[in-house]
Amino acid sequence: MHIPDGYISPQTAGGLWALVVPAWYAAGYKVRRTLDARQAPLIAIGAAFTFIIMMFNIPLPGGTTGHAVGGTIVAIVIGPWAAVIAVSVALAIQALFFGDGGILALGANCFNIGFILPVTGYLTYRLIARGAAEGSARRWIAAGVGGWTGLNLAALLTAVVFGLQGELYTAADGSALYSPYGLATAIPAMMVPHLAVAGVVEAVMTSLVYIFLQRTNPALLQNYKTARAGGESRFELRPLIIGLALLLVCTPIGLLATGTAWGEWGADEVADEVGYVPEGMDRYAGAWTGLLPDYGFPAGEEGESLGEGAAETAGVVSVDAARKSAPAYLVSGVVGLALASVAALLSARFLFRGRQEGNRG
Amino acid sequence: MADGGMLPAWMTERPGGFEPGGPDRAVRQSALARTLLGLGRLARDTIYSEKVAARPGLMQGVDPRVKVAGVLVLLLLASLLRHWYLVLGLYLVSVAMAAAASIPAWFFMKRVWMFIPLFAAVIALPSIFNVVRDGDPLWVIWDFGGEVRLGPWSLGTSLAITQQGVRGAVMLVLRVAASVSLGVLLALTTRWNELLRALRVFHVPRLFVLILSMTYRYIFLLLAMATEMFTARASRMVGPASPREDRRFLAAGMGALLGKSHALSEEVYAAMVSRGFDGEPVTASRFRTAAADWVWLASTATLALSLLAGDRIIG
Amino acid sequence: MADMAAKNADAPLFLVEDVHFSYEGAPALAGATLSVERGERVALLGANGSGKSTLLKMLDGLLFPDRGRIGFMGQELSEATLRLDSFSREFRRRVGFVFQNADAQLFSPTVRDEVAFGPLHLGLPDDEVERRVEDTIHILGLGHLKERAPYHLSGGEKKRVALASVLAINPDVLLFDEPTAGLDPKTSSFLVSLAGDLHEAGKTIITATQDLSIVGDIADRALVMGEDHRLAGEGPPAAVLADRELLLRANLIHDHPHRHGGVEHYHPHSHVEGHEHGH
């Protein structure tokens, strides 16, 4: 799921840097407030742990192997904010010290895998595990579902980032400048294997590690709770949830807006900044103004489906969408919006419960 | 000790001659063995890059801050150029820089091409066909002789490799290769503690640099622990374990590793504090930007600007 | 100010008063009281879990008592005082700690960096750092390992690098936690004789150990930590080692069955007799 350099345009990379830096600052601020200085090694350990277990080959049915990210289990043990820093650090070390994974794309990778994955994974875990006894099955199930959800949301965002390249950045002759696939291809191509395989690996491993810790080292699973109780301020989930919900809602909207915003911005400023305008930008700047009222799916453009899951989510969209991808864009946006709404709904429910608990305590 | 003292009887039984028998199964390389290999490779790579970074060479001599800035400029360039031959040129520049840093060329190229650009090639492959991405046919593989429909989907009138598809795929692979090449060059020629200090100069927050520095250290402690754990398991294994068993073992390993490393973290932190660590990494070699550094940066910038200008002039 | 100085001159190097400490409910120290004077050589004896490592970490200002207090040259050693830059820098320059687990102590890319870490972080000038690194590496015979990564050294080499990393700070007080555990006899005896040289140079040496065979060589006074996490006895090494009842009580020696000519019997066994002295 790592995006290497070269797959995405510098503009996209820059945009994701702009998203991840505030997330880091928020995490740093939260960690400083909730964990004292002695907890710094804990985060480092979480990072080193993530780094190492990404190297563990997990046997999959059929004789192949995959690997887990471990973001959710790390978030459960050291807390979501600390996990944001830990996973980001692991990614940074891969990129900077080992030359694996992109340096310009590090912002994108840290946002998807370092921020979205552990935070949504942890929220899902908390949501399902709420009120369950420490040693109960509901807790490890919650951990597994958390792992699955976190990984797939991160994969979805990564797919959107990839897909935007095919949509927006093409040379004059129509050849791709970066990743060649549009959203309609990138999303199913990423999501089918992640929903069915990588997410399941993450879920199984997260659950198995959780069960192991329940049996052998339950104190470690309480570690974050203890640290929170010891810190001066109670860990506040509300701002996190509100921020995340906003973000999830805004991301697809932002993507929908990208066509216009970037297109227009591109014509004026990109030319000054970078010296050229990506052709895709110009195209969309025009396409979008007239899109929403009366754009339908032109007949006979539906491409091949990549699988059942894809058929449901994006099957109506043609695969060679690069040239007429406005509807694909819309569908992707709607799918994203729907997913985000579900996440927001869940978050709201969680928030409501949190408030109830707050009133009681 | 003829009767074995406190030992149970079975422990004092001695085996006869060494005569392995029975049907032998060929042992498939297990996930465990692959993990062990991977962990070993990481350790080996690290030792190697530490050696390279300590060698005298053009890249090693450059001030890390200047080097990071220069590599960033070139990376940006790698993603801005629009002509494949210019990207190829940039890649060759990075290979030349590696040679100037006394990195063996075969090693450097292998390290770069395995596996990210190769993977990019596989990823980009479908996009060269007209059924996936539209374009002017370069080579028609199969003329359907009319529009072929698959239910509601149209496959067009022929299967062809397109000009645009090939150009896009070549572009992607070259861009990725040039970028990875530059990244690996930076990683190989810069000692990690100097890189950390360079990051500090780029206003990466203190908390991050501190954690980054500690993580790097922990990775090797965990690496040793994991390797030990897996080696112990591998030595006790008779024949291949089922994937299910392997998964359970790996999960238990992860859990145990998490617990052990947590305990260790406190100790390492104590050892650092005891020797005066207060969160600010200090390195022995002070940064001294010499004239050579500026020459290096200036030539990098000139190269970047001229390539970019060329790219835009060509159109 | 003058008052303070006078007080400091008289105060013992370390003064531990009724210190209590527990890890998540498990007691490690329960009312430990002792003092150490400047230039002394002290051995801290105790079985696993008796709290001697915890006490050593407290003397290095790495852990702080739940109850009771620890004084260093007349000033309190607490989280608050160590948070002060000037105090902590001065304290860290004076007190060095050689950890039992050398792996925890070695985290730099090369031996040279590892040895330079302390002096650099304590703010010594570059040329002084360089000189100290060279000298320390030389006296510990690590010259050929200078550019090697610490995590790929043998156990004995790691221990020597750990020692070098502390000696480069040139501390006045050296705290050793189980210095000979897991070492080959050669490294072990090297360590003991080096500790002797350091003592002769006027340094205070405090060693926590359960290796009774080295006590006579590394200490002029032995303190015994009991199973109850407080001081069980103290005295000159010879007297403490001769006090079988005390050592048995502290679980430092044990009875175990031996067979002589087919007759099984029990007699107390300690590592004093079990080991040859390595020098």
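As written, the chain order gives the labels A, B and C, with residue 1 at the start of each chain.
By definition in this document, contacts are C-beta pairs under 8 Å (C-beta built on N, C-alpha and C of every residue); 3 or more make two chains touch, one makes a residue touch a chain.
If you're wondering where the values come from, they're calculated on a predicted model, not measured in any experiment.
Colleague: What pair of chains is linked by the most C-beta contacts?
Modeller: A-B
Colleague: Relative to chain A, which chain has the most distant C-alpha mean position?
Modeller: C
Colleague: Using CA atom means as chain centres, which chain is nearest the centre of all the protein shown?
Modeller: Measuring from the global C-alpha mean, the nearest chain centre belongs to B.
Colleague: Centroid from C-alpha atoms only, then distance chain B to chain C, rounded to Å. What do you get?
Modeller: Chain centres of chain B and chain C, defined by C-alpha means, are spaced 41 Å apart.
Colleague: Could you give the separation in Å between the centres of chain A and chain C, each centre being the mean of its C-alpha atoms?
Modeller: 49
Colleague: Using the average of all C-alpha atoms in each chain as its centre, how far is it in Å between chain A and chain B?
Modeller: 21
Colleague: Of all the residues in chain B, which ones touch at least 2 other chains?
Modeller: 192, 214, 217, 221, 264, 268
Colleague: Pull out every residue in chain A that's touching 2 or more other chains.
Modeller: none
Colleague: Under the stated contact criterion, what part of chain A meets chain B in this complex?
Modeller: Per the touch definition, chain A meets chain B at residues 4-10, 13, 24-25, 28, 31-32, 37-38, 40-45, 47-49, 51-53, 55-61, 63, 65, 70, 73, 77, 85-86, 88-90, 92-93, 95-100, 102-104, 166, 171-181, 185, 204-205, 208-209, 211-213, 216-217, 220, 223, 274-276, 300-305, 318-320, 322-323.
Colleague: In the complex of these two chains, what residues of chain B are touching chain C?
Modeller: Touch list, chain B to chain C: 5-6, 43, 46-47, 50-51, 54, 191-193, 214, 217, 220-221, 224, 264, 267-268, 270-278, 282-284, 286.
Colleague: In the complex, go through chain C and note every residue touching chain B.
Modeller: That would be residues 57, 60, 62, 85, 88-89, 92-93, 95-97, 99, 101, 103-105, 107-110, 112-113, 116-118, 120-123, 126, 129-130, 133, 147, 149, 151-152, 165-166, 169, 257, 259 of chain C.
Colleague: Which stretch or stretches of chain B touch chain A in the complex?
Modeller: Residues 28, 30-32, 34-35, 38-39, 42, 45, 71-72, 75-76, 78-80, 82, 111, 116, 120, 123-124, 127, 130-135, 149-150, 152-155, 163-165, 167-169, 171-172, 175-180, 183-188, 192, 195, 205, 207-208, 210-212, 214-219, 221-223, 226, 243, 246-248, 250-259, 261-262, 264-266, 268-269, 279, 308, 312, 315.
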